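Structure below; questions to follow.
Each chain gets a letter, A, B, C and D, in the order it is written, and its residues are counted from 1.
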Amino acid sequence: MQLGMIGLGRMGANMVRRLLRAGHTAVVYDANPDAVKQLAAEGAIPAATLEEFVAKLEKPRNAWVMVPAAITDKVVEQLAALLEADDTIIDGGNSYFRDDRRRAASLQPKGLHYLDVGTSGGTHGLDRGYCMMIGGDKVAVERMDPIFKSLAPGRGDIERTPGREKLGGTAEDGYLHCGPSGAGHFVKMVHNGIEYGLMAAYGEGLDILANANVANQKHEADAETAPLMNPDLVFDLNLADITEVWRRGSVISSWLLDLTAAAFATDPKLDGYSGRVSDSGEGRWTIMAAIDEAVDCEVLTAALYARFRSRKEHTIAEKVCSAMRYQFGGHLEKKA
Amino acid sequence: MQLGMIGLGRMGANMVRRLLRAGHTAVVYDANPDAVKQLAAEGAIPAATLEEFVAKLEKPRNAWVMVPAAITDKVVEQLAALLEADDTIIDGGNSYFRDDRRRAASLQPKGLHYLDVGTSGGTHGLDRGYCMMIGGDKVAVERMDPIFKSLAPGRGDIERTPGREKLGGTAEDGYLHCGPSGAGHFVKMVHNGIEYGLMAAYGEGLDILANANVANQKHEADAETAPLMNPDLVFDLNLADITEVWRRGSVISSWLLDLTAAAFATDPKLDGYSGRVSDSGEGRWTIMAAIDEAVDCEVLTAALYARFRSRKEHTIAEKVCSAMRYQFGGHLEKKA
Amino acid sequence: MQLGMIGLGRMGANMVRRLLRAGHTAVVYDANPDAVKQLAAEGAIPAATLEEFVAKLEKPRNAWVMVPAAITDKVVEQLAALLEADDTIIDGGNSYFRDDRRRAASLQPKGLHYLDVGTSGGTHGLDRGYCMMIGGDKVAVERMDPIFKSLAPGRGDIERTPGREKLGGTAEDGYLHCGPSGAGHFVKMVHNGIEYGLMAAYGEGLDILANANVANQKHEADAETAPLMNPDLVFDLNLADITEVWRRGSVISSWLLDLTAAAFATDPKLDGYSGRVSDSGEGRWTIMAAIDEAVDCEVLTAALYARFRSRKEHTIAEKVCSAMRYQFGGHLEKKA
Amino acid sequence: MQLGMIGLGRMGANMVRRLLRAGHTAVVYDANPDAVKQLAAEGAIPAATLEEFVAKLEKPRNAWVMVPAAITDKVVEQLAALLEADDTIIDGGNSYFRDDRRRAASLQPKGLHYLDVGTSGGTHGLDRGYCMMIGGDKVAVERMDPIFKSLAPGRGDIERTPGREKLGGTAEDGYLHCGPSGAGHFVKMVHNGIEYGLMAAYGEGLDILANANVANQKHEADAETAPLMNPDLVFDLNLADITEVWRRGSVISSWLLDLTAAAFATDPKLDGYSGRVSDSGEGRWTIMAAIDEAVDCEVLTAALYARFRSRKEHTIAEKVCSAMRYQFGGHLEKKA
């Protein structure tokens, strides 16, 4: 089958490669001509302009947009102006699901299909396959099934879920039509929300292990310092070994743990990282959706807030607490 | 009545002053002779040694210990060796309630009473009076009632709680016999746990107000930065005025708000504070008690953790999250 | 001065009464004619229709809308159609600040002023006065100053904030022009967010006190039950007395504590309440604003989530945890 | 090699079976004679009493205790009275690490070794192998290496961690000597703390997905109900398919996700679970250690608290909030 790909960054380029390997053809376009040239050298059909891109695609066209969320609207608009009824635009980035619903509604009068595809797998997807969560109309989803099947990881040697044999569908192959427009990015959004939570859970646990020798450290005894309750916190633990041992047979084994073990294996104190943790929107949207649903989600929210805090020197909230303590108790802040 | 006071720091000295003003007498001792001299000049009976302190007290003696928690055990032990049956030791510091129960049990064979008195009011207590939460045996508590009454704020001009007229007791006067040994410091411990929560609630709210102009600021548009959803966050707010206006008639008026308004009135950005917030034990013990009781207390815990975090540059947890992001997505940390 | 009031519920009616007492006049309208009749009997000028309401107002008109948030838009629209340039609509309800900005923008072409006034004080405002946070253009705010001054609590006998004498303004009188359109409801929104946090802090602390006798209770010893660590949790505490004693001299004294003491004074176990806690929007909007500002606000969020959870039997999240425990450990759920 | 096993429940019996399969011999004892008989039929050497158990073991003896935490102390004491210098007691249960340190210290004068072994893997360990975290003296750990190696999962076909080839050690085989006495159970304790966090993260995310159709539901419009902000929450999602699709190629794939997918595959609404989630101590101890270390761990704490809350009808904290709302605003609770 044929796919058109707009945006040849880390994700888009590797998706094209995975499709080429599987015997599909691809028309590729990127604002950066070098990125196009590179993929052409690997067997893709190059396009120098969006017009050429559209012209080279077989009808009905499947144009996958893989660009930063901030410019998705512009690209979709330009593309829509060039496409014809029954063509399909696929947004494979990290759009907000409400934008998907708005876009799908605006493209419908022209007869265009719009699919929102949340894609997980990161830079490992080329080899590992991409887990895809898809929203949009059934016709377009089914038509593109060969593409999704090739991009997805497939069943591999992962043990089958008991009871799954009765359920059917594509979920076992690593891609899923989740529902109408927006459903794909909604599920991916929550996936990322969970991801934040899992990451923070490992992070906090490892932090507790890293500080398990607190009783060996000098402890000040003044009215501004809480006394140590537990004299048994005397452990100097090896986080590289601990994350490694958990990879086999433990209840908390996971792919994120594999990555953590890899990080500690070569950087045992993680000195290569400052600890400023970015967030790219999905975590925030997850919490906003949860609040609208009146679903309490303390863990996911705490994980998001820890990222916010990680990027600051100090907050106003902290200064307010210090100021109150000075006002009611004459407490002076301790120096760092 | 007469009270002996050991420890003439900020709290102890002012409590003596408040008693003297009320017509009581006080024998005072402190490791620092200047502190003793100062109080003697104000009418207290000075003691140069612990022995002299005990000798000058009328029987049955009432010896109030107001020293840092870290040395309370030592002082109580030395004092107990000098006292006689039916004398009373009062621990007015911030002891852990389990230490109170241990001490009370160890003093009982000798016939000594032991009272644990949690004292709130901070440096304002001299004028405002001290709110006291008392644990220990009834005999000693009732015997010392005149002292407690004078230290306490009294009813003042605070409006009476509807329904209170049927209940009686001393709570309206600002002091309360809460229960057996440890009960006083337990109630004070939870009081401080609540205090942390209240402080953090004001702090967070003011932080949200302080950042309400985020839409006016330059916002980066890259895959590492969440897009701003809300273009209406354009407010430059005056926190000094806002904390002041809430003092009158609002649902969130409180003494802590009064102090906050005072801080902002002279330091509108709180530039005088770095934001490193100490914790002195009670907040931690509150959470530990809650966990043992299986009581979920997210708010109080979050307030404690925010203090922990405020004293750090970065946590291992944050570095772990950064390391994972690099491993799965090639994400590089953004510079400060 | 004269004010028109639309909506004579608990809040609107009492605001009119407070204005009448202060010597102002008021034109009143409500969908319920009995409410209008009642206020007319107390000295207000009644209006049977919106048209009559507008006709009876002196120019430039000041029309205060005090209706449920869900119908504010409709009322504002109907009113705007009847008003003339330089008239002012005041929304005194709990509107979302973004709706204020939208409304203000839509009314501007017609020359109408729009003020958003967040009002705190609840059912006690008639006597205590209303704390008001005002957004909108300066002309309209200043013109209505006599109304705001009379509705507000005034300085009363509350001690002056040190440093306040140099700052001036109306904050000390209990009302404040916070900024442009939306700023009033934004500040009120965060006020309510803080309110949730304060309430939860007291609630959690009192919960820990209420369960302080856990060591006296029978404790199961099986693999599904965590062992009790702390045998000293033996306290039967009197929450009515404790909330009362904290009212005087303690660091955590506040108006909300006064109300809590009143609740416990007549209902010592709060048996009159089931514990299903509503939320009316402001807490949610506060968190959404915080997330957009990247301000971590764990305490306020936890307070909101506790309300969500309080209204449910069980969550999917809980069932997922039970299901996992069964899958990996064969753990069966314990019966209630 | 030979191992003695005391306690033939779910965990102990399967560990014996795994050792027998690997060619080791085992002496087995349990208070329940049927459990002993069963294992004897599978090739273990039965013991009818603790004395017989000790007598049948080769010297130096290795006695593994796998009993509920509540009776571990008693069994260890009885066993220690029968053993000789250089024998080893292994506690494979879920002891508190401070108890391990106390036990090790008390057994040392007699020349006995004491190992604390945290064991993860649950009921799947027989086939999957047991991940073991070991604390205690090196001599005993090294002597028992063949036993640990056979119980552990081994490297299997799990991809090697990059950089691991330079590090050596046993972590890759699924067992690890973590440090001195207590270190094994400390690491296992934090493992369980992380486990709670991971479970809650999946649980909350799935809850948000399960409620993603909130805009399709009837929504009340009164002052006690927050308005729905987001009309796009119209998704009816299939959680069985979604948990399945995430198993392949997604960032959040894990063993816990595998189990979750299995639960949903046969019970798509989890109707088989009520949602009362037990906790067995390790999560609590993790938080207590974190607090003593001043490590903020919001996520792990929130996960624990959610379990506490899941086992209650309503909390005092909730009733306090309802009572305050009634007091300041006359708000009546909505019915369930």
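Simple rule for what comes next: a contact is a pair of C-beta atoms (placed from the backbone, for glycine too) under 8 Å apart; a residue touches a chain by one contact, two chains touch by 3 or more.
Note that the structure is predicted; figures quoted are calculated from it, not measured.
Identification of common neighbours of chain A and chain D yields B, C.
Of the two interfaces, B-C and A-B, the higher number of touching C-beta pairs belongs to B-C. Placing every chain at the mean of its C-alpha atoms, the farthest one from chain C is found to be D.
For the pair chain B and chain D, the distance between C-alpha centroids works out to 38 Å. Mean C-alpha position of chain A lies 44 Å from that of chain B. Mean C-alpha positions place chain B and chain C at a centre distance of 28 Å. The set of chain D residues touching two or more other chains comprises 122, 200, 202, 204, 207, 211, 226, 229, 251, 255-256, 262, 284, 288, 292, 294-298, 302, 305-306, 309, 311, 315, 317, 328. Residues of chain C touching chain A in their complex: 251, 284, 287-288, 291-292, 294-298, 301-302, 304-306, 308-309, 311, 315, 317, 328. The part of chain C that touches chain D in the complex is made up of residues 10, 68-70, 122-124, 199-200, 202-204, 206-207, 210-211, 221-227, 229, 255-256, 259-260, 262-264, 267, 270, 272-281, 283-284, 288, 298, 306-307, 309-311, 313-331, 333-336.
Residue ranges on chain A touching chain D, taken from their complex, read 97-98, 101, 120-122, 125, 128-133, 152-159, 161-164, 167, 169-176, 178-180, 182-183, 186-187, 190-191, 193-198, 200-202, 204-205, 207-209, 211-212, 214, 226, 228-230, 232-238, 240-242, 244-258, 261-262, 265-266, 286, 288-290, 292-300, 302-303, 305-306.
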